[in-house]
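What follows is a set of structures to go through.
You will see two complexes here that share chain A, one where it goes with chain B and one where it goes with chain C.
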Partner chain A sequence: MRKTIRWQKNPIVAWRAIDGETVIISPSDNVMHELNETGSFIWRQIDGRCSAAEIAGMLAAEYEVPPEDALADTEALLQQLAASALLVTAAAADGAAC
Partner chain B sequence: MRRHLGVPHVALVRRPTQTLEFSIGSVPFRVFFPNDYMSDREAVNTLYHSAAARYAAFQGADGEPFAIRVVDSDELAEGVPDFSYEWQEARLHCRAGEAVFSGVRHEYAFDSLLRMLFSWILLPRSGFLLHAATVVRNGRAFVFTGRSGAGKSTLASLAPEGSVLTDEISLLRCEEGGWRAYGTPFWGEFRAGDVNTSAPVAGIFRLVQAPENRVAPLRQAELLRVLLPNVLFFSAQPAAQRRLLEILGGAAEEIPGHDLEFRKERTVWEVLPA
Partner chain C sequence: MDRVASRAARKHHPLNAHFDLTYRCNERCVHCYLDHEDHGELTTAEILRVLEELAAAGILTLTFSGGEIFLRPDFFEILAAARRLHFDISLKTNALLISAEHAARLRESGVRSIQISVYSDEPAVHDAITKIPGSHERTLAAVPLLVAQGLKVKLACPLMPQNLLAYRGVMALAEKLGASYSFDPTITPMMDGSGGPLIHRVSTAALLPVLQDPVLSACYPRPAAQTDAAMPSGKPVPSLTSAVSSGFEFAAYEDIPCSAGHNSVYISPYGDVLPCVQLPVPAGNLRRQRFRDIWYHAESLEQLRAVRDSQLPVCGSCEIRSYCERCPGLALMEGGDVLGAYERACELAEQKARLAGVAHPLSALHAPGATARQAVGPCKTNFLVTTDNSFYRKGHDA
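Let's turn to the complex of A and B:
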């Protein structure tokens, strides 16, 4: 069975929520990243315990969006954040769930 | 038996260490130019006297001064620094509440290291340095930010006389009662004279040169995005960046932000909030 990836925020990044949006700075390259309201919602749920599917479920519960779109959007954003090294994979912890 | 040895023709007085005290933004500094600094005594005298003249107007803060030791380039500062930086051949090494400047050969190097140090020690003091001109009008500070060429010096030159705190690098601090802007000795091309004073901040304005004068409000997140690339900051340490982002986020939430489209004439003051 394929292991579910669980992401957590990279502890070295600086981030701040403001006015419904989120600004994230990665010290390694000093690049400023910005998340809109739904991106910020997903960012807030990233805690090392939730899977993409679980975060997508929370997104679909909060916003008017079909579950399959919520999952596709969540997975795409997580990949982008991970590619920018703003996320790291959480240490595998069997049985942990969000 | 005791025998006292000595060199009778050398007076027992060492050349004094030259000390310079000043304060910027209520942060007091004490700079030591030691007597054994550099073989070229003329150079150290020039460095000391030029710094004394530039910072002469900046006096008056209470409290224990932050110590800066200016040393020769061969003398390495000891220990792992809390913060370090290099500017050309000059180096800044900050540790345990004291800074060492080495390899400083002229006033520009001294001023550059001081700005770098200042950006660091402002963190626990809830402040930051911003590429911005600051003009005091009706007792309140108007902060105009933008990169080189955005019009900071132009705007400062159009300001009512004697009210410009700086045309290049502004200092903002969050204090009891709100945000204040302070005069700094850091100037660009337009120098009205050093103004060692402060005023509550009325607003931060992003400069956009345009055919007409117009002011439009910025949302908090937009103001934070305006501030970030214009802040002077030299540390890549995660904890320092987190602290800076916290301070800037607070500023963006608490200070009104605006876009200021302006044409290069005095009428720009008519569109600014009173």
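Let's turn to the complex of A and C:
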């Protein structure tokens, strides 16, 4: 059975919510990333406990997007953020509640 | 960062803070503008509270400077708090106290960049400026420790008559060590207004070889967008900016003199809030007031925000404005008028315009019939060349 990945924000990245958007700076490569409003919504939910599916559920509830689109978008963004080392996998505590 | 910085400036959101943690120092640099006595620095608890207020107000980039920051025994505690609050952290230090263990802790703390003062590639020249024998060797010993941790290091070299032609050596040193570099002949009066350090200022004429050096002009940053479309220009214009600027100056701001008070702020070791370390206009004190209240309600900041470059009494009609790196703080300190022109900026702008091929460049201050609003005082310049890249930008949409 495939283990559910839970992401958390990389503790060394700098970030701030500014005007409904999120600015993230990675000190290791000096690159600045910007998230739009829905990207920022997802960023806020990334806490090491929620799975992509759970975050997508919240996104769908908040923005009235079809659940399958919300899941695809959430997974794509999480992959992108992880590829830029803005996220790290959380030490999964079994049964952790989102 | 330009888009974020310009939006923050337009809306007056605080984005960048320069926080001097102490004015105490273990060097005694000949040109330093600080009083090194401790007159009651903020305590650890006070600093942690201030950091929380800055984060809550939206400050993202935070520069810890001094004095020498590593003289604070609580420095790593402060750094850890800044990390928890998700700041983008940069440091300015003389690096005398940095050990291998410190370098590792700095990386773990997510520090993005470290600026280290180096005055020459020759130890004797450097040590004569810092007045600490052996300081050159100790400072440079720290650089590989930091670079080995993957930290971005910049060698910052103020230019004075005694080290003016050392810049090529500092460039070579930086390249050898895997660091970037910057040169800046800005020398300011003491914070109490006395002019002692000004004897270490390089004359405009003596700066000519530096301005003409093709190696340096190759790495001049892009000049700010200018509104003066009539300005004749063929060659690239050296863009001169401030040693204390946030690094987000270029093209981010339209018709405002600089970021000070618009999206940037300075905090002293005593909790005083100013628009910029180089602009001594008090806005409030964090021992008595909350940061938000100062930022959004201080009258001095409101007044500063109303200033528009195009409406400046002298500079607003200046034909060589696009060659000028006028600093409102230096305008105030040198000429007594934050809105005014000042001799040093005009001299430098004329020099640069001439080098760029402009025939008979004349600043508005020197133009026939010009009525300067202020007496012309002693001069300093405001000049920085750097190899530093600003941020690359990546967008993510969901």
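Here is the rule we use: the second predicted complex is superposed on the first by the 98 of 98 C-alpha atoms of A that agree within 3 Å, B and C clash if a C-alpha of one lies under 4 Å from a C-alpha of the other, contacts with A are read in each partner's own complex, and residues count from 1 in each chain.
The rule is short, and it goes like this: a contact is a pair of C-beta atoms (placed from the backbone, for glycine too) under 8 Å apart; a residue touches a chain by one contact, two chains touch by 3 or more.
These numbers were taken from a predicted model, which means no experiment stands behind them.
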Let's test your reading of the overlay: on chain A, do chain B and chain C clash or fit side by side? clash
With both complexes superposed on chain A, which partner does A:Ala61 reach: first (chain B), second (chain C), both or neither? neither
Which of chain B and chain C A:Ile12 touches, first, second, both or neither: both
Contacts of A:Pro27 with chain B and chain C, given as first, second, both or neither: both
Larger residue footprint on chain A, choosing between chain B and chain C, goes to C
Check the residue A:Asp73 against both partner chains and state whether it touches chain B (first), chain C (second), both, or neither. second
Would you sort A:Ala53 into first (chain B), second (chain C), both or neither based on which partner it touches? neither
Dual-contact residues of chain A (chain B, chain C) 11-16, 18-19, 23, 25, 27-28, 30, 32, 34
Interfacial residue positions of chain C with respect to chain A in the complex: 1, 3-4, 7-8, 11, 13, 15, 55, 58-61, 83, 86-89, 108-113, 150, 152, 389, 391-398
Contacts from chain A onto chain B in the complex sit at residues 11-16, 18-21, 23, 25, 27-28, 30, 32, 34
Contact footprint of chain C on chain A as seen in their complex: 11-19, 23, 25, 27-28, 30-36, 38-39, 41-42, 59, 73-74, 76-77, 80-81, 84
Touching chain A in the complex: which residues of chain B? 219-221, 224-225, 228-229, 236-238, 241-242, 244-246, 248-249, 252-253
